[in-house]
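Labels run A, B, C and D following the written order; every chain starts at residue 1.
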Amino acid sequence: MNGNQHLFIPGPTNIPEPVRQAMNIPMEDMRAPDFPDFVSGLLTDLKKVYRMEAGRVFLFPSSGTGAWESAIQNTLNSGEKVLMSRFGQFSLLWVDMAERLGLDVDLCEVEWGKGVPADDYKSKLAADTSHSIKAVFCTQNETATGVKSDIAAVRAALDETGHPAMLFVDGVSSIASVEFEMDKWGVDLAVSGSQKGFMLPAGLGILGVSDKALEANKAIGNSGMNRCYFSFEDMIKLNDTGYFPYTPATQLLRGLRVSLDMLIEVGMENVWERHNRLAEGVRLAVAAWDGCELVSRGPEWASDTVSAIYTPDGVDARDVISAGFYKYNTSFGTGLNKLMGKAFRIGHLGSLNPVMLCGALSAAEMALTDAGAKIEPGSGVAAAQAHYCATTPSK
Amino acid sequence: MNGNQHLFIPGPTNIPEPVRQAMNIPMEDMRAPDFPDFVSGLLTDLKKVYRMEAGRVFLFPSSGTGAWESAIQNTLNSGEKVLMSRFGQFSLLWVDMAERLGLDVDLCEVEWGKGVPADDYKSKLAADTSHSIKAVFCTQNETATGVKSDIAAVRAALDETGHPAMLFVDGVSSIASVEFEMDKWGVDLAVSGSQKGFMLPAGLGILGVSDKALEANKAIGNSGMNRCYFSFEDMIKLNDTGYFPYTPATQLLRGLRVSLDMLIEVGMENVWERHNRLAEGVRLAVAAWDGCELVSRGPEWASDTVSAIYTPDGVDARDVISAGFYKYNTSFGTGLNKLMGKAFRIGHLGSLNPVMLCGALSAAEMALTDAGAKIEPGSGVAAAQAHYCATTPSK
Amino acid sequence: MNGNQHLFIPGPTNIPEPVRQAMNIPMEDMRAPDFPDFVSGLLTDLKKVYRMEAGRVFLFPSSGTGAWESAIQNTLNSGEKVLMSRFGQFSLLWVDMAERLGLDVDLCEVEWGKGVPADDYKSKLAADTSHSIKAVFCTQNETATGVKSDIAAVRAALDETGHPAMLFVDGVSSIASVEFEMDKWGVDLAVSGSQKGFMLPAGLGILGVSDKALEANKAIGNSGMNRCYFSFEDMIKLNDTGYFPYTPATQLLRGLRVSLDMLIEVGMENVWERHNRLAEGVRLAVAAWDGCELVSRGPEWASDTVSAIYTPDGVDARDVISAGFYKYNTSFGTGLNKLMGKAFRIGHLGSLNPVMLCGALSAAEMALTDAGAKIEPGSGVAAAQAHYCATTPSK
Amino acid sequence: MNGNQHLFIPGPTNIPEPVRQAMNIPMEDMRAPDFPDFVSGLLTDLKKVYRMEAGRVFLFPSSGTGAWESAIQNTLNSGEKVLMSRFGQFSLLWVDMAERLGLDVDLCEVEWGKGVPADDYKSKLAADTSHSIKAVFCTQNETATGVKSDIAAVRAALDETGHPAMLFVDGVSSIASVEFEMDKWGVDLAVSGSQKGFMLPAGLGILGVSDKALEANKAIGNSGMNRCYFSFEDMIKLNDTGYFPYTPATQLLRGLRVSLDMLIEVGMENVWERHNRLAEGVRLAVAAWDGCELVSRGPEWASDTVSAIYTPDGVDARDVISAGFYKYNTSFGTGLNKLMGKAFRIGHLGSLNPVMLCGALSAAEMALTDAGAKIEPGSGVAAAQAHYCATTPSK
């Protein structure tokens, strides 16, 4: 009765009504004779979002973390060397997983606020004349810091050094929201999840796999890491018949059908453009708030799907988040790991529009004020409004 | 995919999630043996919202307009004199209905922006020593102008003149949102509808009826106006068994069960207080907008459920509404009748919170700007924020 | 947790999933600029279901009873003579309404179990050389007895006697389910409701009106019965702009959009055929039950949308209904008025299939047994199965 | 428009309406401050369904297969010996997984139609004086054959031989439906999934873990199998704060809250009794069908959650399933692996009642007839009706 709960975390994102309607269903038989056509359409259309023609897309009943694990288990061997970088909680967790799964991680530590160090990667690749590096890992969008990385630059580094390593991309909070080009960028394994740009509840780990990665999987065969739930082999075998190796999350698949229809109808370029337009309003608002600043260190690193915002000195970001939640029915993203208490995050991906973000910015302004920040009420909203007023297309 | 559609019309209002869930149901048998207990609970609890102990509440499958008609058909005779006042599109329509149903309307014309003229009513009642006036009609909240009227003052006028006329109140956009006291104010017929403070879809006309009005209905018997669908007699007969004289809108009744639970749990005084608090923020915003002003002529007339806002000279309110709809996914109320083009309306009743209203005000500021108004972006939002920041309770 | 509640009353009917999904929505602005196109499409497509080209269809936020009242109020005058017949609870109620609204009813009493006496109507029309009969009323499907009437025969009676009376049809439980031909049969006013063949919740009264009836409405003008909520004039004026004279039940309209799409895609002839096919299975089952028989007196009267079934001597039909409800999660229709205790009803209209009806028949067999009937378990189901097995098309 | 789709596969099962309503929600913040209380309540109540007091329950965003994998990865080492048995597609798949994960499987091959060979297990355990067998695996309910196994007997075998091996149980299609006693039977790892007795969509792998198994996990530490997504350590660390190590499937958790409430309110013993009662009706029907018989070899093996049914000689079970699907809107379970074409399955677990099963049996009878079986129509339904009529409690 106290109105909508406002969700501005960087995923799960707000679900469009048609997707919500599509998930309001009785259960169905995942072995029904008409199920394969349905599955086949999903897998085909996912490739359009991933911007890939060859290769495959896998849908696991898991979170994106599961798709991370699948990518590694199926194409790499314990002890193999991989190149990674760490600049936020999610890139950190991927490194942790790689190490726990037995990979030999050549790690670039990067200041939180910046992203994948393409130049450092290039140097390391150039130096690796024996091609001992089997894969290069990139977190395209570090959800914890609101930082985007330049995947094309990493591709260029690989190409320019003539290095054959596979390119792994964590696109959980970027794919289906901001520019991602599987084929054009030569990505081999691209991880996503249902609860971000796909505008669904959590529960589907999505993994794009290039032909090269599929070859790596074949080559590794039984000699690789133990795997069963996340194995490519089982998935390929059953997907080729239109089914899954175990009970799929059909409710999410029905929702995915509708979200794919929406994405494809609008066109990925327009989806990316909208995210950029909405993000810019948030950044202008942050710039207007005295004492606040983005965690991302410069426009080239600023993410279009989430902004992590340092609170002014002396203002605990946890108080901002708490006021948002308890007083203004608004959920912001918390500061993770070393950003705890120092930053809060506004997710601006998925199904959103300018008025929702003006609401979010208002909530942030009020919550900042409650937490002791001396910002001018309405200052950020005004800056965002000017931008949205000038750039929003009329239907 | 472009985010929520924002609804800031003065009804239908935003539906709370638990109410929406409760309406997501298969159909049921409205003659089931356990249905009477369900109906009986609804009718009992509606009285708590109406603040009445004796009398009855009727639920018609209709809009509020149907409940208007029922009130008249069942208690008055063609040719009988009634006292009415007209100061907006909805009071105008009620007068029109009364005349078409054959009543002899003694009409007070009032400047749009003010409400029921209690003093004029009192004079007329005092002068009516023969008690030819059978009923006094009041629009408690004129939805077209955002004006509230003082029902207690009309009650006082009746009491002080010792006049026995029945008191009819149109509470469509006030009951369940702002103060309404059926018993305390001696209201005899009080009309409401599901799609306002009850936070449901349109489709239920709700009518509170005092014992005195039930007596009037009995007295009139078959000699009164023709009626069948809206007759009290049929409804009483069936309601007393726990059923309805024709198929009820069970889906809405299931939703009503939940909205009544919410209203009663929170307490009507708290519901009224919340509406006042939210409304005040909107009024402060309007005051901050150069060239805009409320249609209501002074704080004593300002409604807590809807604000009608004059646009600045030269700014067509239809352009504001159109920009809101086509550019900002936001629906504002249009200017009705003589306010067409001159005013737009922001509904602020039902399930709402400060952040939603900051969004609405942002949409209004952008749309006003698009329509040519020279308001300062963020000015209204800032004023509202200050108020909400200071007054919103923490959960 | 105890499984589905089974609904086999003759309305509300089971809601198809796509319709249910379409009603799972937030509220919307019924004055939005894109609303008229939506409304216009509904009104156009309703005519396809009614099988009419000229004339109009009105949608009232009411039950079907409201549409009955609208038909009378708008085209007839108090004191005018109408020809009616009474052979069940719903034809009885319509007569009651006509009398209460002041019509002079020339009433044919008919044995319950038969329908409109076309021959008697013809005699009376032939005798009415002064054309004092202004309208002829027919209940196409008497929901209480499971009896259909022959509307084409009544049309023929009018034509053959050269009588100009209007033809009123109560099609609440027939339109959108069984053959109905507004134009071909020369029907002037045809009443329906959302909760039967349209497969929606209750809440929309639907009224088809011929050009001749629209003329009658114009001719009667202000001199006719008092009316406002159900007046044609207001509805026409606003419908012509794409809106309604008061807040429409938008949630139901969104559901109606989908049910119309379904009906039109399948084709009305196929909808009618399916209802016949399903009904025949129920009738075969009843024939197989020792001591049970249909209330309808012969196949020519048997309704394809509902079967009323006499229980064997000594078996109280209320016990059958009670066992169905409390023991088998199944709602059957009760015996109304003089059928109370003697008959129960199985609704077989709307969204249904053979397996649902086999379930209903199983529930009936178990409930009959519990109530003391000596029927052979499975006997009715076996008869229905044989029919369904032979006649059900494969998708 | 052609009525409900009937779902009689052994999972996903039919979803109760309150669970469906609870999943019709916007997304929420899985790091909200009030989330831990919610999670904690779920984990506590899951233990009531598992009938355990100590130990833990884990909820993975996965299918049940994922929980299988987690059980193995966290408590066993590659090369360790385990005792397993194979008598259907799902026990077969678990063996396959164990082998692929590197376990040394001591395998008992059992005739399909029987279950875990407790006597053979006992002999092997007795012979294993060095305690090289680290775990004993039991499929409590083999979903492919409709066979239940006696877990208490396996417990007795362990106790009587004084063998310390852990006891692993696949309870995917038994837990929350039929008798399962984690503590009483000394089960160490018990796998389930959301889409069976929990009456939810697929997407949650549920794993009950005894203190002994938690100890095994600690003992194994980093020396065990590679694991990350399904690791106990991460889950324990985050669950202890009320959160999850990655984004949980909140929509399913909200549904789980309601299904747990329903299960606990009814009481597990009553849930088990209802499943037995419903299953018995299906078995009586199968016995009445000429030429059909259960795959389970005798009543002691017959499962209360699913019946696998051999079709008569010469009747291809795929034709039965196909007719069910395409002609009768009914999904039956297919014959898996060596049962392909020879058997079809009727799932009778989850939210069900006698009338639903009479519908299922009618569909089966019609589909069998269409496929060429010479069964008597209605014969099975009659047998089931007699049972349900005699045993169904009245509400």
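Methods note: contacts are C-beta pairs under 8 Å (C-beta built on N, C-alpha and C of every residue); 3 or more make two chains touch, one makes a residue touch a chain.
None of these values were measured; they are calculated from a predicted model.
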Count the touching C-beta pairs: is B-D or A-B ahead?
A-B
Given that subunit C and subunit D are copies of one sequence and touch, is their interface built from the same residue numbers on both sides (over half shared) or different ones?
same
Cα centroid separation, subunit B vs subunit C, in Å, comes to 34
Mind checking the centre-to-centre distance between subunit A and subunit B? Centres are C-alpha means, answer in whole Å.
46
Rounded to a whole Å, what is the gap between the Cα centroids of subunit B and subunit D?
54
Residues of subunit A touching 2+ other chains?
4, 14, 20, 24, 26, 326
Can you check the complex and tell me which residues of subunit A touch subunit C?
17, 20-22, 24-26
Subunit B - residues contacting subunit C, complex
4-5, 7, 9, 11-15, 20, 23-24, 26-33, 60-66, 68-69, 73, 78, 96-97, 100-102, 193, 195, 201-203, 225-231, 245-252, 322, 325-326, 331, 333-334
Residues of subunit B defined as touching subunit A within the complex
1-4, 6, 14, 16, 24, 199, 259, 262-263, 266, 271, 274, 323, 326-330, 351-356, 358-360, 362-363, 365-366, 369-370, 376-379, 381-383, 385-386, 388-389, 392-395
